[in-house]
Every structure is written in structure tokens, then in C-alpha cells.
Amino acid sequence: MDAVVAKPQDYKSDLKPIWCPGCGDFSVLAAITRGLAELNLPPKDVALVSGIGCSSRLPAYSTLYGFHSVHGRALPVASGLKLARPDLTVLSVGGDGDGFSIGGNHFVHACRRNVDLTYIVMDNSVYGMTKGQASPTTQADWTGSKLTPEGPGVAPFRPLEMALSSGATFISRAFSGDPMELTRQVCAAVQHKGFSFVHVLSPCVTYRPEQKGWRELVHGDFTEPYTDRRDAFLRLLDDDGFTTGILYQGAAAPFQPMPRATQSVADLGDQFVI
Amino acid sequence: MDAVVAKPQDYKSDLKPIWCPGCGDFSVLAAITRGLAELNLPPKDVALVSGIGCSSRLPAYSTLYGFHSVHGRALPVASGLKLARPDLTVLSVGGDGDGFSIGGNHFVHACRRNVDLTYIVMDNSVYGMTKGQASPTTQADWTGSKLTPEGPGVAPFRPLEMALSSGATFISRAFSGDPMELTRQVCAAVQHKGFSFVHVLSPCVTYRPEQKGWRELVHGDFTEPYTDRRDAFLRLLDDDGFTTGILYQGAAAPFQPMPRATQSVADLGDQFVI
Amino acid sequence: MALSSVSIAMTGSGGAGVMTAGQILLDAAAKAGYYGLMGRTLGPQIRGGESAALLRLSTEPVQSPDDGFDILVAFDWGNIERFREELPMNPGGLIIADPHAGDVPALMLDAERRIEYVPFHAMSKDIHGGRVNMVALGLIAELVGLDHDCLVERVTTQLSGKGQTALDSSRAGLDAGAEAVVGVKGVPRLDRPKPRTGDRWSITGNDAAGLGAIQGGVRFCAAYPITPATDILEWLAPNLPKVGGTLVQCEDELASVNMILGGSYGGVPSVTATSGPGLALMTESIGLAVASETPVVIIDVQRGGPSTGIPTKSEQVDLNIAVNGLHGDAPHVVTAPLSIGDCLFTTQWSVHLAEAMQTAVIVLSDQTVGQSRTIIDKPAEIAFIGRRKVAETVPGERYLRYALTADGVSPMSLPGTDGGAYIAEGLEHDETGRPSTQGAHHTEQLAKRQRKITDFDYGDHWALVDGDPDAEVAVLTWGSTAEVAREAVNRARARGVKARLVAVRLIDPVPADRLRYALAGVSRTVVVEQNHGGQYLRHLRAHMDLPGRVEAFHRPGPLGLRPGEILAHILSQ
Amino acid sequence: MALSSVSIAMTGSGGAGVMTAGQILLDAAAKAGYYGLMGRTLGPQIRGGESAALLRLSTEPVQSPDDGFDILVAFDWGNIERFREELPMNPGGLIIADPHAGDVPALMLDAERRIEYVPFHAMSKDIHGGRVNMVALGLIAELVGLDHDCLVERVTTQLSGKGQTALDSSRAGLDAGAEAVVGVKGVPRLDRPKPRTGDRWSITGNDAAGLGAIQGGVRFCAAYPITPATDILEWLAPNLPKVGGTLVQCEDELASVNMILGGSYGGVPSVTATSGPGLALMTESIGLAVASETPVVIIDVQRGGPSTGIPTKSEQVDLNIAVNGLHGDAPHVVTAPLSIGDCLFTTQWSVHLAEAMQTAVIVLSDQTVGQSRTIIDKPAEIAFIGRRKVAETVPGERYLRYALTADGVSPMSLPGTDGGAYIAEGLEHDETGRPSTQGAHHTEQLAKRQRKITDFDYGDHWALVDGDPDAEVAVLTWGSTAEVAREAVNRARARGVKARLVAVRLIDPVPADRLRYALAGVSRTVVVEQNHGGQYLRHLRAHMDLPGRVEAFHRPGPLGLRPGEILAHILSQ
Amino acid sequence: MDSLEEFIAHAVALEEDSAVRFDDMADSLDVHQNHEVTDLFRKMAHYSRLHLAEAQKLAEGMTLPHIKPWEYKWPDKEPPETPGMDATHYLMTPHHALVMALDSEKRGHDFYAALAATHENPRIRELAQEFAEEEAEHVALLQAMLLRYPAPPPDWDEDMDPPVSVD
């Protein structure tokens, strides 16, 4: 396939997404397929690992190898796959609940560990799949869920800041309503050597219809990626949460690949001889 | 007891710590007992919740109510206790492995949730209790553990930065070798309304004997607490990890207490009448 | 023909409003004096997917579905192959379809079915703002003989916020539907309702569980959303504060179970609710509750397994993990509600058990009872309320938190009590709670934690036993299959079989003596449950010998067990 | 008197060096041609706490401790009350104590014991850089008749990094100890060793498990440290890279189990090791391994439970959670090594089983076998290596990842294979792997996942069966108690009892037919295990009827079962 | 340090803190079966308590100010006679213990000597001088004891057994 130029359709399966019409996740699927086609990566060499949630349904809509794992655990599954199979291109996708709530610890430690994989979070500030509860990125005073009738009452999680504090080496934000910019970021993230985090504002039309207004709020002001963590931090202190673009791209070496064998298994027992 | 002035000894049980002689955790125990005495809090109204690790053994050495829970879960246990019993003073203590590795998600979300409790982490950059493996705060090139013979190879976790990014409203750092400053921070943290995080550099003499050198590295340059998150961040960008003092004290309201009852249980069923 | 019970299914997708119509129909029937039951089945879509409201209306209290439906109203046939098995028809059942959706699919047909076409879609188009579900409601009510005024009243209540225009068009729809009855023949009609005596409730099992928790004394809940347990939390969230309690939404299930351990340590009875995947995450800390003797209640609303499984469907599959899912020797209690309404009693009783024994109680509810709605007589007051044996501490005297008592329950002190300070301990410990690795301490504490559970007097609540004193067949079942089994036993007895129902609420510890007594004299014991592995039967075998010939009757979900299957098995031998 | 086996305990605290001395003694005995075994017991301190090295030296291969010790060397008596129960003495046993530590405590005395005082402390003071443990080593070797040169050689190897001075003082200590023997009488001496044929290994169960994993094909390990499993990881960390593999230290057990799922999905056989608390955290994702049919091996080195329990002591208490700890109907495999040396075989076999059946295998090792060291004959090559049935995919043709095959195992494609892309799925699915809620798909996939486990041919490895063909008593046991039970059976047979040992390696699925065959003809079945709840007996009862009179023989840790207890039970009836 | 009361408060805190610390260290070595050093530390704690009683006697009739633990005017991070917890080791010998004790007494002496030399309040100077002389006696005593406990060989802290994993 390498000689032929790939088409986005090559990466799309014939399973029809169960997402609500208008859901932002459609654009993310499109951007991933378009980005992989642009990079001309054979589908057989790409794996997509997700957790549980509306957004985590994405792998089945692709022709890639995929793992629809359990809630919150996409990153460890993806990390294990990449460490055991460094030859594969590994992407992990999921939602804000999956990634920042139940999966928050793996997110922080994946940023630190810097395994060479790409993590795309479709953030709709809500638990879509379980009927619209507040997520870590929900505003403290959002009263749209019966579970938190007074609002969650907790300061929202700041995904980019957390990623930077945790040591991620590629950090960007996109909006599902700007799929070409999102595609650009997917390509850059996949090409980045190390852990890359793409934060996608992806509206939930069902439980957060007001997010249709995001289109007016986003602005592409992360123009050139910072290469110094400090500069990126200073920039984030002024961020309103709707700035898109690639914020930061650092240069730390990715976490260790599988070494070459230097010894035969049969010889390992020699150390026990007495 | 309130009329009488409390003594640190009132807070110390007759169980002798099993810590290695010279362990930094002795000073943390002393600072907590001294701080509670200074605040003249009756031992019966204070609870100490820990996870698992050398440092998490601390509650049993006090005369307070305590919960020696499981590895990584001290903060949820402490949060539940405080939410159910707002009248109590609740402290949570533990190690860097307990708090930042297995308990990392609860740490991040406790910082966000801002329940009125104090979290004291005894950080020795090692898993003391399990024979000295690397912890999240261990340098990437430390080769002292058989489990990571080449070093953990991962950028160290930055506790203060993570706490600030996560939304903690009180953040300080102390050194077990300066117990009076530590006592001051414990008092300030307990008095702070909301989640307070005290990061204590507490050497492990057994697995990290080189940490005796910390005495030379620490410097008390967090002089006045910042009240603006941005200023605290700017300050942290220059931090070498050995600056002590209270870095930041914000003013967000603590997470909801238990409300007063407005209805009798017997009336709750009325909503189902048809 | 007039029947004491009529079963009705309404199916449609994409905004047809079948669930709303179903609830209005059920509540209208309640207003008219009937009892009833409504379950549901859903497609995988979040919104606008295919769904069906599954009703049974009855002149008698009823908590079991019938074998099939007497009337199926279909607005369309979207993805019908996915859930046709959940829409079995009774012999001679009537399918009312909209010609707009095309012919009735072949897979819905058999020789015994009758079909009527009613143009719901076209009729609703003729009404300004008309909706198919209102037309169907009018039609169904008229068909089964439900009082039109009761229907109008419920619609008015339901749509009270929508304004007069919506109300007018809905009424027009109801009227049009009622008129369309002309020409539909041989429809099962309901008998007249019996006169109402007291209040009736319309309640789901999940709401009932929430109320049971509060009645049991629960004032703290920490939880993480998961289907099909979230409804319990969504009911508790606004209701706990009314009685001075709090609900916290946590970052995950590890946090929620540990938060309730904290709340309970503070003396406040605490609960969490989850489903299989969440329960799996909680087991380490449930073990901590057992070792530290901290009372907690975990409600597991079971769904299809294993792993993510079938989140929206019911199965009785978490018995294994609930009973044996803790590491180490960790005796605790497992209960299971026997019906939608019994979610109230069993949850309240479970809080009482947890508090009385200072242990973890896992309540095995499931999607069927949790998410179905029923009309019941207002439950009687239940005396149970969580009461902990609280320590009388003496300042200056050493308090023995884990004292070895005759019944194994050690008086517990609550933070704030002078002289009562202790460390709740997950390490093995001596009577004071201090860590110990000595065999003597380990053995005596293991024995105490076992004894308090095994020797507790569970009273008569361990099971529902019903039927013939001289029964030859016992149907032994647990949890939500109880009502289906009851109907099967009743039908068998109506055919002259001597039969008895033993529906068990106390899953673990196995009440072996009581079970032996309840099964005395039977020559056949049919163990009925809804799972693939026969989990309850294995659990019973592990702990006791069952009398007579033991017959395993179990199959997995998602289709709930039906009385007819069990009856057929009873009669087949 | 000369014996085929002598048991020796050395106890001391704070830098006395008993563990090092124990290992030198064991290895010196190995050099001299003996077999042996060394366990340990520790206080709660990290360093300098009281500890004891527990040895048995023998002319024959031995993997079980004796009932008690023949010689106890005590440098001091610190906290002896905490672990005296772990230091039982054989009748007529000899206590050699240092007068520097005061009199032998009363609780160590009984009528049958003999006591000698040897001033280890004072003697070591007389040597420049002298150490008590070297003096004791010299003494013990001389007492039991161990060749002094072998001892010197091992000490030289052990201290090779310490320089000449340390070596000289150690030798002086050995010599002084050897000379101090004069006057100590009636000491059990070892028979001459048998001539060595092949190589011998000195290995712990945890190291053996690590080697077994690699020999089984494992090249990826992700794990989180926990006592007593960490040693496996510490052995794998430097050894995996030698054969092209990787070990990752994770943030927690949730990460480690999911990382190995990822590694295995990639086609690389993967393992993790943990203990009870960690296993509890892993169950949700082990369920995912079952549902998605991703092979993984989880080694659980069991410790005292419940909850944090007794981390440094052994107990066979995680059978319940290993077998039944997953939510939903989730068939998988549970195995248990039968001895220190068997950790190698059982782990390797378990990798083979996981790969062959594409399922999760939980290996129930424990602290006793994991952290004890033994001298064994170099194990024979084992043929097992993890072999997955790999799919032959055809680009353009739909690949059925979860195809319904006769044996239930569906060929698996590995990422990178053209035409083999599929989604590993935790939701219930059809043959392609697409999510489905249909009963037919659910039932067929449940049945397939069950069938592949139940119908697999486990060969003769399911158990070790040994003893009399016409046995009247069968001792049925599992895992690490096998060797103790074997010694009990051998002793019973020596007394004329017709007895048979059935030591089971395959815990789940229960090999019922093979068990029936292995137990054929016995009138008594004694089920031996080390836990409070009788977990294995209950598990067996759940799945089969055992022949003859079934006698439960189990008790909790921390003191390991001894052959004498089991023998007494066999003889008592 | 302005008033006599404040000076006495410091003297009380100095001895009290020292006594508590020596006891803590004794406990720690007791748990690690190092009985010789345990006994020495207990003895040191006992002496500190004797001096504490003297200081408290001086305070009779006075109202000592309450000083927050971190607001005492110590020359260093801890009271001068409080030995550093981190200097203990489970294999330490009486020699090490005596050196620690000696250091702490020397620091105590220097603390009082400095006040005696420089303070403007004559009563404080006088008391400080008394205390300094007393500390000097202890220093001499300990130095004499040290002669009986020569330094152990350089490998005194070598433990042949590795540390263990307890959870």
C-alpha cells in the first residue's frame, strides 16, 4: 500500500456510528482518517485504543486494529501495546470522563512516561454515554445533571495545564468544528516522537446543546508551538480554555523501546547453578 | 481539655514507631503532635487517615482517631470522613508512592474538590516499605532499585506544580530536618479553610542515604504565601524542588458541608403516591 | 374476553415517545385502580434509537412479566431483529402496526398472530402538533377498557409544563386514537379494577432502593455514574439533602467506596451504588471494610457480563464476585431484592445488617428490577434502621476496638468520643487494633469476623417461602427472578402440581438450616436463576447439600426469564 | 545419630546477619552434595529487626519443612514472643544460645529441649572484624558434619567484593566456631551426601516463576511492587532485556494489568505479578481479558489476608477471588505451583495455557514457595511455550476474530497483519467482534468462552498423584502445601497406612473426571489447605461430589502447615 | 530575647525538647534491639528532665510567655540541646551515642555562653552563666565517658542482611 496514496475512506469501516446526529465526535473520526491518509500509514500498522464512553466507540468505525477496553484504561493498554510493539503507530482516544476522571492517574503518568503514542481526548464537559453527568471539565455551576442538582461545585480540570505539569512533550487543542486544523494537529501529534496530547473540544449536542456556541468562542491563538516548557506555562496562565493550535512541543527522548536479545533463553538458568 | 493547654505528648501514643532510626518521618510525627498541641485541638476531635507505606504507619503513633486504609486511598477515606463529619479536624498523611503513584488520581481530584482537610505527604522519592523502588518523584537516572536497573527513565512528578494545576488552595513545602518550620506549616494548613497540601521532604536513610545531603540543599525561599495562582506558578517555574515555605494560599470556598434536614424521612415517600 | 391482566408493548424509534407513552399508560391505569408493571428495552443509541415500552396491567398486584404480550403497537420496525426476542407474543396476540412503516416483518409473524393496521402517523399529521404516541395511547386505553378520563388526567399532569397548545393537540390525539378502535375485534379487555383501599405508589426499583437506604439511616453517599445504577444516585442526590445528608459524585469507584468507608467510620451510615465493572474496582476496599469492621452498603445493579458486557440489559451474574470477590478470608453479607417493590425493603434491611454486624453488605439488584416501574400498594412502615453497637468508652482506659465478644460484634466508638480513639486497621491486629502477625491474633480475629456473620439472627427475612406444605417440587430462586418463579409456581399449582416457592434474599452467608427446613419434604429442587454459569446453585453446593433431585434451570440474558419457561420445566419431569 | 535430614533455625536481630548466614549454609550444603530448603521469618522493621533463617538440609531432594527444628541457634531473643510459634523444636532438639543475650526465655523451654550456651558475641569480639554469624556458621557446619572447605568456599564467593580483611576475619570466625563444637554432644549429624550426578540449582520460587515466564515465551511485563511478589519483578527486570523483552514499573496495578493486555494484544506473551490487594484491583480488567479473549498471565504470590492482612506471611487465601472474583460469567484458568521448584514449571505451563486458550490465567503462588530458597536438580527442559493460534487472514475478506470454532478457540490476528484488523471488544459481540445485545450472540459467545476452557486437554499436568494404588485415605491438596502433604503421606505409608497424595495444580476449571479417577477407591478424602475458610474444599464441592468421607483439614497462617499435623489427622480417625 | 520570662521559657523548652527527643531515639533503638544505646539515650533523657525540673523551679511564680514552636529564638533550626534524629542508626554504638550527646551539650553550652557574654539584662547574664557552667560540666563528664567507648571499626554500620520488604 505504501506506493499507493491512501484515501481517508481506506481508514473508515462500514459500521455506522451510533453517535447522535450533530455530535462533535464525527469530525474527530474524519480528522483521524484524513490525517492517517495524509501520513500514508497502512491501516494494518496503526492501532486505536479506547476506553468507554460515546467517544470511545470510535475505533470500531475505523479499519484499524483496535481495542475497546474498559472505562479509564485506554492509556495503559495503548502504552503496553506500543512498548511491546514499537513498530506500530498507536493512538488512544476517549472522552473527558474516561481520560480525566476515572483515567486521570494514567493520564498524568502517561504524560510523564512519554511513550511514543498519541492521545486524543474528545472533551464535551459531560458524560455523554451515561446520560449527561458533570465531568472534570464541567463548570462548577452547571446544574444540568440530576446527580449534581446544585452543580458539581468543583473547579474544572485544566487539561493542558495538567499535561504540561505532568511532563507531556506535545500538547495541542483543537475544535471539532475546525476539522482541517484538527487534522493538522493529528498529523503533527502522530509524527511527534513521544507522548502527544490533543485536546479536542467536541460538543455533545444532546446533553450540552449550548456547546453549539463554542464555535463563537474558539480562537486559533496558539500559533507557533513553544519549545520551552516555561514559555508554554506563561502562555497557559492567560488561556481561556478556547485557544486552539499546538501549544508546546518539547524534545525529551521517548520511553525505552524493546531491547535486542543478547542471550538465549536456555542460558538464563546458568545463574542458578551451584 | 479545652481549658488546659495541650502538650505534644498528649497526641503521642505509647506504640513505638517501627521506622528505621534516623527516618525523616519521626520529625513529621513530632511536628503534627506539636502543631495540634499549639492549636489546642482535643485529640478526640482530630482524625488522621493514611494509606500504606512506612509513612502511612504514622496514625498508630498518635492518640487521635485514625484510619490505616489501603494503598493509595487515604484521600477518599479522609474526604468521606470530613464530608460526613464536618465537625472533625481531618488530616491525611502518607508517602510519595501512596499519594502520587497509586493515589495520583485522588490527589488531583482532592486538590480540585477542596474539601477542608490537610494532606501531608512524606516524600522520600522512594518506596520505603517495599524495599526501595523508584517513586514518581525519583530522578530519572537513579539506578538504586533492582526493578529499574537502568533508572526509572521518567521525568519526576512535580508535586507542587501538580497541586497548583489541580486547583489546591493551600500549598507548602517543608523539610523534616526543620521541624519547627514544618510545625508552622502544619498549623497554617490545618487552619486553612479548604484542601491544604504540605509537601515534606522526608529522607529515607535506608534506601536513599544520600538524602542526608538534603539538609544542604533546602532553602526557605517561599517567604510570603502568594494569593494569586499566577504568581505562584511563575515562582514555581524557577523552583529547584528544595525551596521551603508556604507557596500559595488561595481563597476558594471549601466543598459543601452536610446540609440541615428540612424534611422528615417519613415524608419522602409522598413523591411516589399516584 | 376479559382478563385479570393484559400485557402491552409499544415500540418505535427516533422520537416516537414510546417510553413517555408507556409511563402515562401505566400511571393512568394506576389512577383507574389497576396494578401494573413497565419495563423497557433500548437500542445502543443515546437518543432516537429503537426502544420499546413493555407493560403489564392487572387487577391484582403484579411484579412479574407475562410470557408474552397480548398487544404490540409498532410505530415502525427499526432494527427489530435486534430485539424481537424481547417481544414474544401471547398466542392469539394482536399486532397493531402503522402502514406507514410498511408490512409487518416476516420475523414477527406466526400462524397465531392477528394484525391490524392503524395509520398512527397519518392520523397524527391531521392534528396540529399531533404525535403518534398520543394517538396510540388513546387507542390502547380504549381497546383494553381503560377509563378515558384517567388517561386525559395523566396526560395533563405529564404535559403541565408544555402549555395549552400542546395539551390540546395531545387530547385531540387521544380522542382520535380512541375513535380508531372501531373495527378492531377480539381484543383482550381488562376486568373492572378492584376498589382501592389505601394509597398506591408508582416506583422503580432504583428509586425504591434509594428510599430504602435513607429509611435505613443512610445519610452519606459517594458514587460514580454507571448504567443501570445511576438512577439510584439521581434519586438520592436531591433527596438526601432534604434529610440532612450528602451525595458526592466521585472521580471513580475507587474513590466512591473509600469515601463511604470514611463517612461510615465517622458514624454516618453510608452507601454507594454501582454495577459489575464498578464493583470489580471496589473489591480491595470492600476487603478493607471487612478487616477494619467498618459498615458499608454497596448496591450492585447487575447488568449483562462479563466485562463491559451488555450494559442496558439484565442478568444475575455478579453473585460470584459479590460472594467470593474479596482477597483473603473475608466474610461479609450479600443480599438480593426479590422484586421491584422489594428493593425498598431489602436495601433498608441491608443497611440494618451492615450497621448491626459492622461489615460490608453487597446488595445484588439488577437492571430488570432497578429500571422497571411498578404500581404497588404503599409499603408498610419498616422498623429496621441501622443501629450500631456504640462503645461506652472511659477516658484513660484502653479501648478495645476489636474486642473478642461472644457474638463477634465489638462496640465501636465514633470520632469525637473521649477515650474512644482507635485506628481502623486493614493489617491483621489484636483486640486493640494494633498490627500483629501472631497466629493467635490472626486466628481469633478471623474467627470473630466469621462468627458475627454466621451466628447473626437474620429472622424470617432471609427468604420468601410460599406454596404447598406438602410440595413435591420446590422452585428455589434468588433476587429478581422471584416474581417470575412465583407466577410459575402458582400456575403449576393451578394445574394440580404440589409446588413451593423459596425465593432467597440472603445470598451469603448461606442460611443452610433455614433452607433445609424450607425445602423439607420435596423430591425435586429446581434452582432457577438468570445466568450462564449457574452461579447460585454452585454457591449453594459449596455450602450445603440440597434435598431431593437438584435440577439446574438457568440461562443467560438479555431476555428475562418468563413464568412459562419455568412452568414448562416443572411439568416436563 | 545420623539423619537423612537436619533442620536448623538461626535467629537474631539488628545486623546479626542470619539471612546471609543461612544462605551461605544452604549453598555450602549444596556444594557438598546435599539438598535443602531455606525459609525465613521477619519482624515488622525494615532493617535490623528480629529475623530467623529456617533451614532444612537433606541427603534427598526436599521441599517441605520438617515438623520442627533439630538445632536452634539464637544470637539474641528480641521479640521472641512474636514468632516463637514459627520456631517449633523437634523432640530432643538443641538450643544453642549466646549467654550475652541472657537466659533462654521460659517460653522456649520444655522438658525435651537441650540447651548449650556458646558465647558467639564474645568469640566474635576476639576476632578483628569478627561477626557472630560466621562463628555460628562454623559451629553449625561442624555440628552437622558439613565439609568445612565447602563452607569456606561459599563464604569466599559471597564476600568476594568485600576485600581480603573481611575474608580473613570471616574465616577466623568459621574456624573459631568449628573449634567451639568440643563439648556439644548428641547432635544430629547428616548422613554422607549421595554422589552428585548433574547440575544443581539454588533458586527461590519467585525467581523460578520469573524464569518459567520467560521460558514460556513472555517478553513483556508491567507491574507494581508489592510484597511478596516484588522479587519476581526484580528478577525479570534485568533478565527480560537479555532475551529482548521489557519490564515496566507502572503507577499502579490498574495500569499494570492493562499494559499487559496491550502487550499481549500486540502478540507478545505478557505477565504481571502481584499479591492479594493488587489482584483485587485487577479483576475488572482480567474480565476484559476474558471477554476480549486476550491472553494474560497474572501471578498472585499470596500473603495473609484479608485486606492488607499480614504482608510478610503466607496463606492460601486468594482462591476465592482468583476463581470467582470477576463480574459476570467469566470463565478463565487458575493454577497453583506445587513447590518452590515447581514455580518454574507451573508458570511456564500457565503461559502456555493462556496463549493456547486466549484467556487469563491466574497463578496462585504464595509467600512460602515464593520467598523460600531450595536446592534442586537442574530442571529438565520443558517443551511448553506459549503458542497462539494465529489467524490466516485474507485481505478483503471479513476476518471473524471471535469465530465460533469447535474447540472455542478462534484464530487471532496480530496487529501488522494485512486483512486481520479487528476490535478487541469488552462489550458482548458477534463473531466479527461488533457489539451486539442479542441473546443469540451472547449465548453463543458465552458458550464458546466456556467451552474453550472446559474442553481443553490439560494432560497429566493437572496434578501430582502419588502413593498406594489401593489407598484408603487420599490427601487432596493444592499449591504450596503439596510437599508438606507428600511428606505426611509418606510418613503415613511408612506406618502401614494405605494412602495417596493428590496435589492439584489446575485449580479452575475443576478437573472433575480426572479427580474422580485419581480418588477412585478411597474411603476417606482429606482436603488440606492453609486458610480459614476451606476455600478449595468449597470450590470442589461447588463443582463435583467427592468420593468417600470428606474431611476438611485447614487452618490459617502465618505458621505454615507441617507434615506432622496432617499425619496426626490421618492417623486420628 | 527580651525578658527574664522569655529566657526561662527558652531554658524550659530547651530541656524539654531534648528529653523528648532522647526518649524518641531510645524508643527507636529499642524497637531495633539496640539495647546498649537505648539505655544511654534513656539516661540522657533522664538528665534533661532533671535540668528541666531546675528550669521549671526557676519559673515558679512567673508567668512564662507562650511562644509558638517556630518563634523561639534558637541559633539553629532546633533547640540547641536537641540531638538530630537523623544522626541515629540502628547499628550505632555507645560511642556514637556519646558523641551525639556531647555535641548537644556543647551546643547547649555555647547557647548559654553566648547569652552570658552579650545579653544586656544582668539577671539573664547571670543565669545564663550558671547554665553554661553546668553544661560545661556535662561536657566534661561525657568526654570522660567517651574515653571508655573508643570509636568502633569503620565497618560498624555494615549489615550482611539486606533490608526487607514488609508490604
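Order of writing sets the labels: A, B, C, D and E. Residues in every chain begin at 1.
The definition used in the following text is that contacts are C-beta pairs under 8 Å (C-beta built on N, C-alpha and C of every residue); 3 or more make two chains touch, one makes a residue touch a chain.
The model shown is predicted, which means the values in this text are computed figures rather than measured ones.
Here the chain-to-chain distance from chain A to chain B, counted in touching steps, is 1. Looking at chain B and chain E, the chains in contact with each of them are D. When C-beta pairs in contact are tallied for every pair of chains, the largest tally goes to C-D. Farthest from chain E, judged by the mean position of CA atoms in each chain, is C. A separation of 38 Å divides the Cα centre of chain A from that of chain C.
Separating the centre of chain B from that of chain C, both taken as means of CA atoms, is a distance of 42 Å. If you average the Cα atoms of chain C and of chain E, the two centres end up 68 Å apart.
Chain A and chain E have Cα centroids lying 58 Å from one another.
Annotation for chain A: residues touching 2 or more other chains are 52, 68, 70, 72, 101-102, 104-105, 108-109, 136, 256. Each of residues 31-32, 34, 90, 163-167 in chain E touches at least two other chains. Chain C has residues 44, 251-252, 277, 284, 287-288, 292, 307-308, 426-427, 435 in contact with two or more other chains. Chains touching one another form the pairs A-B, A-C, A-D, B-C, B-D, B-E, C-D, D-E.
Every residue of chain D that touches chain C in the complex is listed here, in rising order: 44, 82-83, 85, 276-277, 279-281, 283-284, 287-288, 290-292, 304-313, 315, 317-318, 320-321, 323-331, 426-428, 435-440, 442-443, 446-447, 450, 531-533, 535, 538-539, 541-543, 555-559.
Within the complex formed with chain B, the residues of chain E that make contact are 20, 24-25, 27-32, 34, 66, 68-70, 72, 74, 77-78, 84-90, 92, 163-167. Residues 15, 42-45, 47, 49, 52, 59-60, 63-70, 72-73, 76-85, 87-88, 105-106, 108-109, 256-265, 268-269, 272-274 of chain B are the ones touching chain C in the complex.
For chain D in complex with chain E, the touching residues are 13-21, 42, 44-51, 76, 78-79, 128-129, 131, 133, 166, 225-228, 230, 308, 311-312.
The touching residues of chain B, when paired with chain D in their complex, are 18-20, 52, 54, 68, 70-72, 101-102, 104, 127-131, 133-134, 136, 146-149, 152, 206.
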